[in-house]
Each structure stands twice: as structure tokens, then as C-alpha cells.
Amino acid sequence: MPDAPFIALFTDFGLAGPYTGQMKAVLRRAAPESDVIDLFADAPTGDPKAAAYLLAAYAAWFPAGTIFLCVVDPGVGGARAPLMIEADGRWYVGPDNGLFELVLRRANHARVLAIDWRPEKLSASFHGRDLFAPVAARLGLGEIPAHHAHDPIRHPARPDDLAEIIYIDHYGNALTGLRTSAVPPEAVLSTDSHRIAQAATFSAVPPGTAFWYENSNGLVEIAVNLGRADATLGLRIGSPVALST
Amino acid sequence: MPDAPFIALFTDFGLAGPYTGQMKAVLRRAAPESDVIDLFADAPTGDPKAAAYLLAAYAAWFPAGTIFLCVVDPGVGGARAPLMIEADGRWYVGPDNGLFELVLRRANHARVLAIDWRPEKLSASFHGRDLFAPVAARLGLGEIPAHHAHDPIRHPARPDDLAEIIYIDHYGNALTGLRTSAVPPEAVLSTDSHRIAQAATFSAVPPGTAFWYENSNGLVEIAVNLGRADATLGLRIGSPVALST
Amino acid sequence: MPDAPFIALFTDFGLAGPYTGQMKAVLRRAAPESDVIDLFADAPTGDPKAAAYLLAAYAAWFPAGTIFLCVVDPGVGGARAPLMIEADGRWYVGPDNGLFELVLRRANHARVLAIDWRPEKLSASFHGRDLFAPVAARLGLGEIPAHHAHDPIRHPARPDDLAEIIYIDHYGNALTGLRTSAVPPEAVLSTDSHRIAQAATFSAVPPGTAFWYENSNGLVEIAVNLGRADATLGLRIGSPVALST
């Protein structure tokens, strides 16, 4: 079964520590045919809002059938419901805390299910391992654990595209929550201190120059050729950007 | 053979660099049926004592048959013996430097074997790749490499539960070497500067408040709701904590 | 087919972010039999020269047939050609920017092919995912994508062994671009501030003492017993070292 669906991990666990490894141990035992892909282990920490824009942009690259195991869950152990969402042929498993707002808003067809299934032993702080991973594995086998239809908490005040930095990568590039489809190429992006024009790619601007470009997943990304945009421009997750033309 | 045993990696190699990758290359070739799980790549660096409490707590979660490839080995290239330990149905492979003290002490049944097998080519500094990984792979196939019975160096002065910080995770949570089974819920934990009470989970205390709780592997863990315990409380690996009631 | 070739990743993507995960998703779908090995995700960032010495030293450890997917590509989106190189039975895929200079120079037999194949959709900034990974996967299946013979840009002025720091590992050990085969054991290494003698391994020198030794891949590596060489000696990637006897 080489085409068993991917199970893609989208978490804020960080790269260190035992969390991802224990989740993978659960997945390997329960759904051995599915390839597990580390998409993000460093989604914005405890920030389901920023993470929601990142998830929607990156999930779209994956084939139909992919199951996203999503754990940005600062309210773990509290009252938020555990969800399974089917949206345009992909599955998403995680907490009802706004993390899926943009996936839902951009989907042509979606259904939201609250997970009724519970494991024999559920820790207070690691539902990723104890609840969400077993559910993702079952979905990977083509089964849908016990559930009921659910109206998730929606966040209508959030914009369709977020004019903020939502992620800083290893190179210091700053990803915004803006899709390039929503921004004309001639648009100028302004941070607190800089005005930034579009360029096709790094080598199109002189070394040390900031520019924005369409990244490989369709987001407006700010970079500095042969430099770090985060340090040069003073950007971090949550920094606002303004659009003008 | 979907139920070939896990080989779980417990090292202080860090996440970067070629070390884990080269060990996995050895494991994939020699024991292709075994799933390799990254448990900790950031066990306390060069600190077999703290690592011993972490290993004992996290190994217990894995199923019988699991093989732990354990490399916290500041004395690599020196005289310490290479070990294989079978304890309550799990295998542990690594150096005789105290790393297995708590596993041995808590086991109902254990046997300790010194590894006599040597590879054709043994580097002075990377026994993880050249010696311990091939041995773990052989155990994964159900074979036991050449060995003799061995009395490991024991550390009787170490407590059964360690009232120190043994690990700081990505969220800044501080894990102690205390099992919750040894600490009553009403106990107060004192650091150099703070007194910390128990709570069930993050959302049970106000934002910014420190608390301790039973983590998902049975250890007493110190956290701050929506904050970082390490920064707020000035904790790092080795920081002492005191218990009172 | 347990002996399908390894696909080894050698990139400067860093450990965080979605880059390695997306590349692996491509590889898993296109070459499911090949084990993917994370060799370096933290090769010297945007530094194909230092990376070239690291790659040549570490690739030599892998078996013939291994395919190295190499992305240290600060000129992505610019004019540099995409390459496939077969050298002494191993394949290398990546940009024509000097990254393969030492592999080529040390090879007994090599052929360099420019990749003519292009994907349907090629992003401007992520050729690792869109171009190099599909090519590596095809090589993993024993196929060679469309190509023509190519004369790569050569760098004859670079030395055969580089007397500079090319990598700092998790322990603070500093790897040079010098092979021990080119350095007599009695040689003294000088940094800007220190003179460093050879030792067999860590425990052969007192705690806190710097020494150099043959690392597990044949490079001259500078370390401090129970300490960090980078901090103690003020070393970073690019720091020069001098040899004397």
C-alpha cells in the first residue's frame, strides 16, 4: 500500500524533547503503512491564530487524503473540544481553538466532527500523544473514530489574509499571513521602519537589500539577499506590515 | 513483521549535525524492519546522572521489547565498558557510566552484559555509530552479540527520586527527577526564589502563575501558564528544588 | 528491496520549518523503497565553499549507490545550473556553485550532468523540493532524468585541505577542513590565540584542555575535554587555523 495517506505533523512542540518521538511511536504502531511527515514542529508557540494562517497555506500543497495532526494547544487539559475536520479531501485533527479557522474558511466542502472516542489513559498535558495521534492513525487506516457533528468556535473578525509576520525561518526570512493572490506585485510592504518592494528572487536584488516575494507555498515572504530579514528589519512573529501601492 | 521492536534513540547528540543520521543509516541497513524513534536527542549534555532519571521515566512508557540506544557518553574512548542491559523486557545499549542506574534500580528483573563484540573499524569518538548502533540492530533482529556477564558500576548514594531539574523543554517547562508517585499532591515545591503549589493543568491557574503537575510520563514538572518557567523562576538543569507540605 | 539506495540529505535548511518535511514528502511518494537519511540539515548556511569540504568528508562514509541530495544554494532562482554528478559510485544532486568541488577533485571517476528535466511547476525559491528532490528520487529508482554533459564551474584556487573551521557541532567541537591523512600527528594547530596539540580522545587530556584529534570521519577536529572548544577558543565557521610541527 505505497499510497497510504501521509500523516503530516504540525505542532509547536519544538524540535527538542520527547514529544514528537512519542507521537510517532503511537502512529507507527497504529498505522504502520502511513508515512509520517514532519511539516512544522515549530509552529508559532501557543499562538493558534498565527498558526492558522501557516497551516492553511502549507496544507494546500499536500495531496488529497493527507491527514494533518495539529497540536498548537495552549488550552490542553481545559474545556476546548477535540476535533476531526474533513476539508476538501484532507483531514485535520486537533483542538477547537481557532487553529482551523482559515482551513475552514477557504474550504469548498468541510465537515467538523467532535471526537467522542477517548483512550483508556488520557494525560492532562499531552493529548497529542494520547488522543490526537491515535485518532489520526485511525483516519490513516480509513476509519473514523466515534464522533458527533460539531459547530466549532468561529473567528469571523479575523481577516482572510493577515498582514502580520506569522513565522521566521532558519534564514531569518519572515513569512506573512498574506497570500500573494491577494497582493498585487507592485504593492509596497511597510514595516515599522522600512518600505519593501517585490522582487522575483534573491539574486534579483543587491546583497543586503530587503525585498518581498511569493514563497514556495504562495505566501508573501520578506527576505534580505545574503542577509537576515528578521535582524535587519527588526521583525518577529506578530510584527505588523502595511500594504500600499 | 509490523511488530518488530522499536529502536528508541536517547542521546545528547543534539538535533544538528551528522550523528543521529549516521546512526540511523547503520540501523536501517542492519535492522530494516525496526522503526527507529527519536526519543531524546537533547538529553542533558555529558550528564549521565541527570539523564539516568530522564531515561528511566520515559522508557517506562514504551512497550516491552523496545530497544533503547543510549549515548550520553562523555568518557567515549576511555575505559568504561559498553553494556547491553535487559530490564523488565526492554533492552538498553550504552556505556557503563551511571546512565542506567535508575533503570536497574527500578527493574524487577535485569541482567547486565558487557559487549565483547567489536566492529572491524571502531572510531575513538563515535561508539554510538560504530559499536552501540550495530549492537542495537542485532538485538532488533532477536540476536544477542558476543558478551559476558558484568557487574556495572553502581551509584548507591543517588536518591531514588532526584530533587533537581533534569530537563527544560521547548516551552520552558522544567522537569524534575521526582516521580509524582513519591510526592503528595499537597506538597509545595521550593526553588531558590519561589514556592510552587500543585495544579491539575495549565488552565487551572491564572496566566503567569507557576505551578507543578504530573507530566505525561509521571514526573513532577514545573510550568507557568502562558509563560516560561525556566526564565520566570531562573531554572536550569541541576537547579535544586525542595519539598515541603 | 531492502537494499534500495539511501537518499542522504545535506542542506542548510536548518532543523526548523517546513523545508525538509516537504522534500521528504516528495521523496516518499516518488521513491518509497529508499531510506531517507538526515545527514546535515545545518550545513554552513549559504556557504558552498565550507560545505564542500564537509560534504566530501562525510559522503565517503556512505556505501556506494547512495544519493546525496545537496541544497546549499544561496543563488536559487538565479542562473547556476542544476547538476547530477556520479562520482565513485555515489550520486550527488544540487546546484553548480562549488558545492561539489572537493567531491570531484577526490573522485577517481566522475561524470557531471546538467539536469534538463523540469517539473511542471517550479517555484523561484525552493528547487530542493521542486527540482532536486524529484531528480534524487528518480535516481533512487535507477533512472537518470533528462540531462546533457556539463563542464561545472571549477575552483582550482581552493586548497585540497582547508585550514579553516567548517562546522561547529552541538558540543562546541570545531571541525576543520583538514583531513588527518594530510596532517602528521605531531603537528600543532594554532588559532588566533591558542596552540593545540593532538590527543587520541577526550579522556586523554585534563578537563578544560583543548586538543585536536581525528574525528570519526577523518577530519581534524578541535575539542575541549568536558568543555566547549568554540567558546573557549573563540572559534566559528571560517576561523583560520595554522599548522606547524
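Just so it is clear, A, B and C label the chains in written order, and each chain counts residues from 1 on its own.
Here is the rule we go by: a residue touches a chain if its C-beta (ideal position, glycine included) is under 8 Å from a C-beta of that chain, and two chains touch if they have at least 3 such contacts.
Nothing here was measured: the structure is a model prediction, and the numbers come from that model.
Of all residue numbers that take part in the contact between subunit A and subunit B, under half occur on both sides, making this a different-residue interface.
The rotation relating subunit A to subunit C, fitted on Cα atoms, comes to 120°, given as a multiple of 5. Chain centres here are Cα means. That of subunit A falls 30 Å from that of subunit B. Multi-chain contact residues, meaning those touching two or more other chains, occur in subunit B at positions 15. Touching subunit C in their complex are the following residues of subunit B: 12-22, 24-25, 28-29, 32, 45-46, 74-79, 123-126, 129-130.
By the touch criterion given at the top, residues 2-3, 6, 8, 15, 35, 37-42, 58, 61-63, 167, 169-171, 200-204, 213-217, 226 of subunit C touch subunit B in their complex.
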